[in-house]
Every structure is written in C-alpha cells, then in structure tokens.
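In the two complexes that follow, chain A is the common piece, with chain B as its partner first and chain C second.
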Partner chain A sequence: MNSFSTSDFRRLVTDYLGMAVALAALITVFSLSTEHFFSATTFRTIANQIPSVLLISVGMTYVLVIAEIDLSVGSVLGLCSAVLGVALTKWGWPLWLALPAALGAGLASGAFNGLVSLRWRLPSFIVTLGMLEMARGGAHAVTKSQTQYIGAAIEGIAGASVFGLSLPFLLAIVIVVVAQLVLSRTVFGRYMVAVGTNEEAVRLSGIDPRPIKLAVFLITGFLVALAAIIDTSRFQSANPNAGTGFELQAIAAAVIGGTSLMGGRGSIVSTFFGVLIIAVLNSGLAAVGARDETKRLITGAVIVVAVIVDHYRHRLAKGKGT
Partner chain B sequence: MHKRTSAFSRTLGLATAVSAVWVLAGCGPKEPAPPATPGKPRVALVMKSLANEFFLTMENGARAHQKAHAADYDLIANGIKDELDVSKQVELVEQMIAQKADAIVIAPADSKALVPVCKKALQAGIIVINIDNKFDDAVLAASQSKFPFVGPDNRKGAKAVGDALAKKLKAGDQVVIIEGAPNAFNGVQRRLGFEDAVKAAGLKIVSSQSGYWETDKANQVVAALMTEHPDVKAVLCANDSMALGAVAALRAAGKLGQVLVVGYDNIAAVQQLLKKGEVLATADQHADRLAVFGIEYALEALKTKAAPADRETPVDLVTGETVSGKP
Partner chain C sequence: MPEPASLLTISGLCKSYAGPVLSDVSFDLRSGEVHALVGENGAGKSTLSKIIAGLVRPEAGGMELRGEAYQPRDKKDAERRGVRMVMQELNLIANLTVAESIFIERLPHRFGWINRRQLHTDAQKTLQEVGLGDLDPSRQIKTLGVGQQQLVEIAAGISHRCDVLILDEPTAALTDPEIERLFAQIAKLRAAGTAIIYISHRMEEILRIADRISILRDGRMIATRAAQDITLDEIVRLMVGRELGQAIHRRGAGVPPAISVPLGNRDGLSDDGAVALRVRGLRRGSAVKDVSFEARRGEILGFAGLMGSGRTETMRALFGADRRDAGEVFLDESATPAAIHSPRDAVRHGLALLTEDRKEQGLLLPLSIRANLTLLCLRQLSRFGGWIRSAKERTEASAWAKKLSVRCHSLDQRVAELSGGNQQKVVIAKWLFRDCRILIFDEPTRGIDVGAKFEIYQLLADLADQGKAVIVVSSDLKELLALCDCIAVMSAGRIAATFRRGEWTQDKIMAAALSGYLQKQGRGGIEN
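Up next, the complex of A and B:
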C-alpha cells in the first residue's frame, strides 16, 4: 500500500468511473433540458452550496465504516449554529471566542455519543437518536426558538473566495483529501475498517477498539460544528431548525458512494461523488422547475438505483479478484 | 449472566426513567394542573409546532394574556413537537375533552384530519375556536360541523406584500415565487396572494417552487433559479426564513440589490435586512395576539352562548420605513 501501482490505478478506475459517468449523465441531461444549466455559474453555485453537507457526509462515512451510525448530525448542526449565533448576538462574544464555543458544542455532542454508547455498550442508533432530540431541544433552548440575525460579523467566513470558489469549499476539499488518505493510508484508517468488519477479531488480536470508535464520533462532532459555522456564515443567521434532515442526506450521499451500512467498507472520495450527484440533481431539478412530487420521486429513485448499481459493481469486482 | 438481578434492575431503571420524564415534562409536584375553580372557565389552547418561532410567540402571547386576566379564565396550553405530528394533536384534543375544558382554541396541524375529533369536542358541549390554519370547507360540510375561524387572511396579506413589491417593478418583469410546504393551507393562500399581486401588475412568474418553509431549501432553489433565469427581478418568499435563504443565494451570486426579495411573518431576524433594504417587505400577522384573539372570542362565546361567526384579524405590511424598533 506504500507505492502507487497499476493495480491501484485500476481500482481507482473501477471505483470511481461508474459514479463519474452517472454524474456526467446527470449534467448532460440537465444541460440539454435547460438553457443555462451548463455554465460556470451553476458549478460555482453548487461548489459554494455543498461544503456543509460534504463535511457531514465525510463524518457519516467514517461512522458507517466502523459499523456505527450517527443520527444526530443534523440536530448537532442546529445546536452549534445556535451557540454561535447567540454567543455573537445575545452574549456579545467576539468571533474568536464564539467559534471555539461552537466547535466545543460539536465535540461535546460527539463525545457524548461515543462515551455513552461505548460505556453501556448501547447501539449508536439509539444513543444518537436520543442526541438528535436533545441537541434540537438545546438549539431551541439557547435561541429561545428565535432565528438569530448576525449580519456582517460572520460574513467573512463564507464570503471569502479564491478564483470564485469560496473558502469553505476549498476547506472541504482539503478535508476530503485528508480524510481519504487517513482512511486508506494510515494505521488508524486500517483499524477503522477492521473494527467495522469484525470488531471481535480486533479485540482478540489485542487492540482495544473503543478509543478508535470514540475518536470517530469526536471527528464527526467536529466536522458537524465546522459545517454549522459555514452555514451560519452563509445565511448570516442562526436558525434553531437548521440542519433538519441532514442525517438522511449524509447517509444517502455515503450510500450512493458505495459505503456499506454494515461497516467495513467506504470511501471518502466516493461519498464526495455522492454529495455531488445529489447537489446536481437538486440544482438541476430546480432549474428545470420540476414539481415537488417529481423532485422527491426522482431523488429517491436515484438513491435506490445507485445502490443497485453498486451491488453489481461489487460482484463484478469480486469475480475478477478470484 | 445477571439473570437474577436483571429483572429488578430493569424495573428500577424503568421506574427511574418514568419518574424523570414525569418531572421533566412539568407534571411534577411543583407545577400542578390549573385547579377547576367553579365558575371560572377553562380554556384549552392546542397549538401547532412549538419548534416554530411563530407558534411559540403565539403561545407566549396567550400565556401573558392569561396572567393579566387570571381572574377571568384558566389556560391549559399544549403543543406538538413538529407540524407533522398530527396524531399527537388529535390525542391532545381527546385529552382536553376528557378533562372537560369549557373551550378549545386550536391551531390545527392538518386542516382535514383534526375535524372529526373537534366535532367530538363540540358534541361534548365544548366551544371550539379555529385559529391560524382554517379547517377545510369541504370536510366541514361533509362532517356537518362548523367552527368559527379567527385569524388573518393570508391571501390578503400576501397580496399587500406583492403590491408593495410591484411598485418597484414594471409590467413584464420576471419574478419567482418560493412557496411554503405544498400541503399547508396558509402556504397555498400566500402563493395565491402573491399571484394576485403579480397578475394585477402584469409581472411574469418564471418559476414557482416549494422551499418547505426552510432557509436551506429555499437557498438551493433560489441559487439554481438565478442561474437558469438571469433576468429575474424579484423573489417572493412565503415566509421570512426562506427570505433569509434567498438573500444568501443572491449575495453568493453577486445580485444583492439588483434582485428584490419579499417575505412574510416579520420575524426578528429579518428586521435588520428590512432596514438595509436587502428584504423589501414582509407581513406582520401579530403572532403574539393571534391566540389571544381566539381566546377572547371563546370567552365571549361562553358568555353569550351564541353561535359565533368567523372573524378576521389584522395583517400589516412592514417595509424598511415602517419596521419597528424590535431587537
């Protein structure tokens, strides 16, 4: 795994070609059916919209790889956003103090998810479901259920851009690359896959899986907090309902990218493709002016088809291997 | 492994959990249910989603009113977690019937599904006042029941907002509408109101899509539409949360100031935007008084015993010039 060989390259092609083709097909369809979809503006718009969902999906992919799940990501985003918004407006904190507070809220939520599910050996599905409620309740408690308008104080984060690409997008790309390298090229990444494949075997070979799991929940909490900061800056306001349903978007993106819900298998780059496919679909359907029921039918169908295609791709890859 | 102790510990755990929930839910000894003082009417307020700023303001307004008129009536206020939890709201009404409330003031989460249970309340001799979201006329007719509706005319309010926008545009200009949730009565009414204004001014709607009341969804739709229809001159949003999303999309596209935005509800967060002119206009339905109107009407009906008629409550247009000094 140390040097980049031809087999690596072949795997790269089989892994990502399918999704690249799917993405290209979607872009072609929308380009042909609308006047202005195929333009730099569209892609810049999409690039500036996806960072928060992308970061959450990266976290979700990690959690799924270790055979756990985090249903609380959307609510935790709402909580972090609420803390940030209220700290800046009601408490009059400066940005350099409010940002760590938001990140702290994300890390604390991640720590709670990890520690509780590990200490009492509870399914993360249940613990994070509880966290989903608690974090949303917390977001409403902190903001008193009122959207906080922040304004220029926070504009700079999402407003800054290089070559028309926003700072959050560039940050998200860096995180995607780092997260992929960590997953596929480091000991920690190997352990994650091992824990997700067979936790008992990991334990029996003398490695404690718990610190690995806790780290993954913490990483997810941190990424969610980053996503919250980005969204809060983009809207210059903190809405206690922000992030509702993001957990399902993130799971959808990861699954489209071939991440297994059973653990042990996942790729950050594939998840990135999953996020792109959903974003292009959303943007294209809005540009076409599709009716709401059509939008939902198509989006749902694309997720199912993607998973079916992934199933066959895997059988094919396995068949070749033996 | 721990079979012997598990049954006990499980029971203990369950008991602890139940009592914790009981205390947390405010059923603890600290906060007793309003006593049934003879002669003093008990009004039950059954609210929609308390996760929504608008409804929370409504409920707080009602609580403040009750405090100021504590001698006149007792208030039992309840709400559901989110607007989709229709069955929970049906349960709430059933509980209020069982508690023998004198009047029920309800903001139905669904304009059809709540009709049968409210009819049950009516048959139990309880006065039922419909606020916020009007019951569906066809269902009311089919179930042969009638409840007075006390609330704002969303269509008229949206028309006023649309008219204020139209003054800044000229005939033939392109606009887009960002609708509320497609199954919400007030969302539909606001869309119709916007359409009335657009038609009157000879504007052209190039797209009308739902943003499901949410900042994020509205942002996605508006961003896509700005690229597809570069000549759009204005975005009409069915609530202010979506207007915030629209403003963010315009800022990202460098079109802030060139494309006008209007919203609805006058939430605190848009007031700065109104002053800056990034949002041109919104409508204030006086959320803090909406439930109060319903309660006052119920008390009146309890006194007069007359079959009450519908009553319209005021909606005010708010623009950068008229915006109040609310924080």
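Up next, the complex of A and C:
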C-alpha cells in the first residue's frame, strides 16, 4: 500500500518548508554580506561543530515531547568526557573499555534523572537541575579539575571521514533519521506523544507511562555520552568544563524547531533545522565580524521570533481544520 | 393578610447551554427568610443561584432587587448590591492564612503594607461569629480539614454586609457540631433581616431551617411552599414528577425507537446473565464506604445517586485508577479476587473505564482521531517489535470510526474539533478496539446533544447484546430507567438500594438516593 500519501507530503511541506526557507535566507544574507562566508571551509567547520549539539538536541526534543525537561545534558557531557579522558590517561584503560565507561556514565545519569523524578513524582526540572550540579562536580572530581590531554589514542573517531564527511557528522545524521522514524512511526514514539499530551488519560487507558518516561531519560543520557565521545575526540582532550550551556542551546534548537515545552509536540527533523539555523547564525555573524555580545543579542532575538512565528503557524494550522 | 414584601423578585428567567437549563423560572425572596432550593441533579439550582450572584447571565427574564431593576454585570457588581454566594466548591487559596482568605478582597493596608494586627483582630471577630473562635487566624488554609475550610469560606461570605446570601451545599463536608454552629449563625443572619437561599440535598436540614421551599425540576420552577405545609414525601414527588415516572415505564414503550429496537431483542440473551464482575466491600476514603455489587453479562447495570454519592469514586477504585482502602474484585464467578492495582491490570483483565471527564481523562485532544482510536492496541497493529503498520492502522481505525458512525472529514482531524457526541464515540471505539468484557461508562452522555445521545444508548444496548457486562453511572435518571436492566442507587458512599427492571419507580429511586443523607449515620437500605 502507499504509505506516503499526499497528506504526508503536505505535512512535510508545512512542517519543514518554513524552516528550510529561513535557513536558506540566512545563508543568502551572510553570503551577500561577506565573501568569507560562502565557502567549503565554512560548511566543513559547521559540519564538525554540530554533531555533539545535534545529538543532545535530539535527546532534548524527546524529553520535551513527553512534557519533561533535562537541564543536566551539558554537565553530563562534561562528566562522560571526564570519565573517558581519565580512563584513557590516568587509569591506562584501552579505548574499547573507556568508551563503554563513558556511555555507562551517560546512562547512569539518565537513569538517575528518570528514576528519581518518577519515584518521588518530582518535576524533572528540579531533579535535572540537581544533576546539572552533581555531574559537573563529578567531572571536576574525576579530573581533579585538570584538562586531560589524550592525544592520538582518540583522534580516530572524529578524524575518520567517509565520502569527505566526518564520521561524527554521519553518525549524527543517521541518529536524526532513526530518532525521527522512532518518534513518528513506532509504538514507542506514539506512546511518547500520548504521554506528553495527557499523561493521566494514558494511564487510565491501561498504559503505564513510567517505563516510557524512564526510557526517554536513558536515551537522552546515551546520546549525551555519544556527544561527549565525539567532542573529546575532536579536541583530543577531556575538559571538565566541556558542554557548559549546551542544555540551553539544545532547548533553543528544539524550540526554534517548533517543539512545545508543554509536551506532546515535537519533531527531530525540525530540531535539526533549529541546530543548523543556530550554527549558521553563529558562523555567519562571526564571518561578518560581529562581536560576541552582538552575536548573543541576535541569537536570543531569533529564538523569541521563531517561537512567535511558530505560535501563528500553529494557530493557522488549527484554524484550518474547523 | 398582605404578603410580606419581596426583597428579590425574579420572573421569566431563561438560560440554556447545550439544551435549556432554566425555562421561564420565577422566584421571590423575602427579607429575613431562609428559602431552600431543592431539585434533582441538573434541575437548575446551581444555574439559578449563579445568575442571582452575577456569575452567569440569563438569556431572558428580569430580576428586581428592592423594587429596582437588578442585572449584575459580574460577581463584584452583585456583591456591591448586597448579593453574595458561598460556592459549593472551595475557592480558597491553599497557601494563604485564614485571615488573609477572609479579607482577600479588602486587606487592611497602609501604602500597600498589610496591617497584620488589624487583619488578625478583624478575622478573629468574624471567626467568632461562625463559631470558629478557637481557630488561629494565622494558620494556613491547607492545614485545615475540609469542614473547617468550608466554614472559613462561609465566614468570608458572611463577613460582608449582605442582604442576600446564597449557600450552595454548605454542610456537605461538615460534622454535626459544625452544622449546629452554622445553623446558629444562619438564625442570627435571618433575625438581622438577611435573606438566605439555601441549596442542599439534605432534606432533614431543609425541613428544619427553611421557611419556604422551592422545587425545581428540569429547569422549571415546580412549586414554592411554606416549609410547615409540605412533607418529605411530597417534596420527593415534586422533585421527580410523577407523570414522568409513568411515561418511560417498560422497555420499548414510550422510548424512542433508537433504543427500543435493540432492547426488544435482548430478552433472550440477557437471561443467561452469568456474573461477570463481583465487587465486595469496596472502600475508599470518605467517598466510598463498603460497596458491594454484581454486574452480569448481557446486562446493563445502572448507578443512580446524587452528586457526591460516591459513584465515580467507586468505579475509579475498582478499576485501579485510585488506590482502594479495602475491598475485592472478582471476575467471572471466580473465587479468587483479581489482582487489579492499576488501570493497566484492569485493562489486562478485560475492564474498560470511560471516565466522566472525557476531555481531560479520556482523550488526547490535540492528537488525531486515528491516534486516539488505536492507542490501546498499537501493539497488534505493529510488527518488528513496535513498527506501526500505517496502512493497517488507517484501515482498522476507519473501520471502527465507520462502525460507530463518528462524523468527521478525515481521521487525521484533531479530536478537539469534534462535537461532544463524536468525541464520546471515539472514546467508546478506542475501548471496543481492545475487546473488553466489562465496560464502565461514567456519565456517557454528559454534554452531548439529544441526537447523539440516542446513538450512544443504542451502542450501550448493542454491547450488552453482545454479552458484555455494561455499567452506566448517570445523573440522568430517565436515561437509566430507559436503558438499564438493574439499577443500584448510591447514597453517601453506600449502595442504598438495588432494583431490577419492573421493581423500580422514580419515587423509590429518589427516596433511596436521599436516604443516606436523611439518617445521621447514613446507613444504607430503605423501606418501601
């Protein structure tokens, strides 16, 4: 049967066309403003920069879809990176053992966030805020606040390239595609949207929302650990301060992509566009020589404008149905 | 002898929401009287009092207060004119203190700084008046019991100078000594010339304190009598309306064809009537006190009772939606109780609960009809461990939507856009998809227009025909009389009486529904 109907196509257009146009417009403006911008180097730089933020934003979108939030992602990235660095340098672990240790740290943090907020019915905002501090503290404790220089042992991950694209970038793209399909085409994804829309109705329908929520926190922890491995490899060092502020970048990317902070609505592909828009904005502003304070002012304004535009777009879509 | 002058006169009042709620209601209220308003659920008592208090605007009709036209724009406006209502639902803010709650609208202050001392003494004085003199005005509302909260709410109401005071079910959460104190206060207000409109299900109280009693039924004012001239039996008869008791009497007769058809075919099937669900000694807090009943396959069991009689709470507790304090649930004549501790367990055992509040608890409003319909059996519609087969989901969902004639232009339409009746059909289809054996419907036709109501009735009857056990909780007695094979009447958290078809009359059911509130201890069972 045809599983890709015209209504699917129309939805694809209404969902993504606006963001694609916005992205194209940004690229055009920057390309016209300065000859330094539109070049292979710029795009390669962007492609190298975004994988870790992209993975975290995917996790954040999942968490937001189930009407929760995870503020600890940036710190947990720092913790995973610290574990990886210290395991390789201080403890002399081989890579095949250090990588699972880093992933384990991410999963453990996700398990903590999920289990504590579910067991005591605490808002995830509070639990993950606590985790934000604890994970950062853990990262500093493990590294004794020293950046761990790893060197060639880990270079291979970020350095490897396939068809001229870096391995992390490809990995991130694959994860974006899989995560989008899981969200829109699987039972688990449907449950996520349902829980985020009305948890009580889901519970009364005989579906226990708790395992679903726990799974989402675990997935986020895992994606954060992957991001940590990528960044550690890229810088060939583990900085205990790595990932500072990533939680806000990830929330910004998801929100620019139209994900609702109230839950029940979100798209991984839109989040991908959100990440791209922020990345292009950053390097574009850098290319035109904007100062750091200007960059932040403009990025902040873009987030607010994106949400306002989304508000009207959503109202329009709602109004048409009736 | 001339009639005492009216303080408030109402004539020809009309108001409708989905259907008419008040039609051509006239009413008069005199200074210094306690005027009780009685009627079944949905008779229009609350709407009438809300109109008087300025919370709702009437569509037609006029009101006069002290001989002047009275059209309150809002609650504030009514209060300025000396009309005030103490609501049934508590309106207090949990984190404020008692004193702050009473004076929330007029905190004594100077340049914005609250004068704590004056607030405290004023509050103490007011509390004294309702017999709460021993309550510390600086305690937080949330530390008080429900009864005390209600008294504080009443204190806040009467602390204002007012000529008309409306009390909506003021004693619902009060203990006997608290009720006595409230009555003493009412007597004081009455002596001071305040007119009090008193709404309550508790006939004993009404007969005790009311000067006059007005009876509403189906949005019409049936009668106003002096309290000493009317008996309890008479009130019940007027509330129910005898002629209606005879109009829908037997299956089919007088019932619109939509429901008489399936009901007519059912006699053969319902006779096998094996017990599908047996509940023993169910308890939950103060709402459900020792409830036992059985539901049979192929039958519709109705649950009648007044608001707050514990019907919804009973259903939620047996479904595992709320923790139960005691009680067991047996399925299919099994001797061992079924382990139902969560809605998940209940669904696994073949139970379905269609909640009273379908928008908040039954549906995923912003999602599509399709997603709502298939939520419960996505597993069956998927392969490779959770990959939804979109095409199959679509065909199955549209088959169910068609079967229940859900009117929509596409299955991708958001459920929020559907009418109440179609939303209810979506909820029903969602559960039928799952093939449940015992279906509990809590207020299945609330807020649904008449045409859709009959479709829902038809569905309920069809389900029973298919051998399912159907339980219907409804505040619409006529609906239960037309549909059910058996009606259990709940009163004050207990089952007061159970009637099989043919044994019941509306009078008997209404008397049973009131019985728990008549006797002090609220023991179940009434004599007929």
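The rule we apply is simple: the second predicted complex is superposed on the first by the 320 of 322 C-alpha atoms of A that agree within 3 Å, B and C clash if a C-alpha of one lies under 4 Å from a C-alpha of the other, contacts with A are read in each partner's own complex, and residues count from 1 in each chain.
Following the convention adopted for this analysis, a residue touches a chain if its C-beta (ideal position, glycine included) is under 8 Å from a C-beta of that chain, and two chains touch if they have at least 3 such contacts.
Remember, predicted model here, so these are calculated numbers, not experimental data.
Participant: Chain B versus chain C on the shared chain A, clash or fit?
Facilitator: fit
Participant: Which partner does A:A287 reach: the first (chain B), the second (chain C), both, or neither?
Facilitator: First partner only.
Participant: Should A:T186 be classified as contacting the first partner (chain B), the second (chain C), both, or neither?
Facilitator: After superposing on A, A:T186 lies in contact with chain C but is clear of chain B.
Participant: Give one of first, second, both or neither to describe whether A:G206 is in contact with chain B, with chain C, with both, or with none.
Facilitator: second
Participant: Looking at the overlay, what does A:S31 touch: chain B (first), chain C (second), both, or neither?
Facilitator: neither
Participant: Considering only C-alpha centres, what angle arises at chain A between the directions to chain B and chain C, nearest 10 degrees?
Facilitator: About 120 degrees, rounded to the nearest 10.
Participant: Who does A:G151 touch here: chain B (first), chain C (second), both, or neither?
Facilitator: Once the two structures are laid over each other on A, A:G151 reaches chain B alone.
Participant: Could you figure out whether chain B or chain C reaches more residues of chain A?
Facilitator: On the superposition, B touches more of the residues of chain A.
Participant: Between chain B (first) and chain C (second), which, if any, makes contact with A:R265: first, second, both or neither?
Facilitator: second
Participant: First (chain B), second (chain C), both or neither: which does A:A194 touch?
Facilitator: So A:A194 only meets chain C here.
Participant: Determine the nearest approach in Å between the Cα atoms of chain B and those of chain C after overlaying the two structures.
Facilitator: Result, nearest C-alpha distance in the overlay: 7 Å.
Participant: State the interface residues of chain C toward chain A in the complex, per the touch definition above.
Facilitator: 319, 321, 342-344, 346-348, 353, 355, 360-367, 371, 375-376, 378-379, 382, 386-388, 390-391, 410, 412-414, 417, 430
Participant: Within the complex, which stretch of chain A touches chain C?
Facilitator: 1-3, 7, 185-188, 190-191, 193-194, 197-198, 200-208, 264-265, 318, 321-322
Participant: Could you please specify the touching residues of chain A with respect to chain B in the complex?
Facilitator: Touching chain B from chain A are residues 34-37, 39, 41-42, 45, 48-49, 136, 140, 144-149, 151, 159, 166, 231, 234-237, 239-244, 282-284, 286-287, 289, 292.
Participant: Applying the document's contact rule, which stretches of chain B touch chain A when the two form their complex?
Facilitator: 50-53, 56, 182, 206-207, 209-210, 214-216, 219-221, 223-230, 240-241, 244-245, 248, 251-253, 267-273
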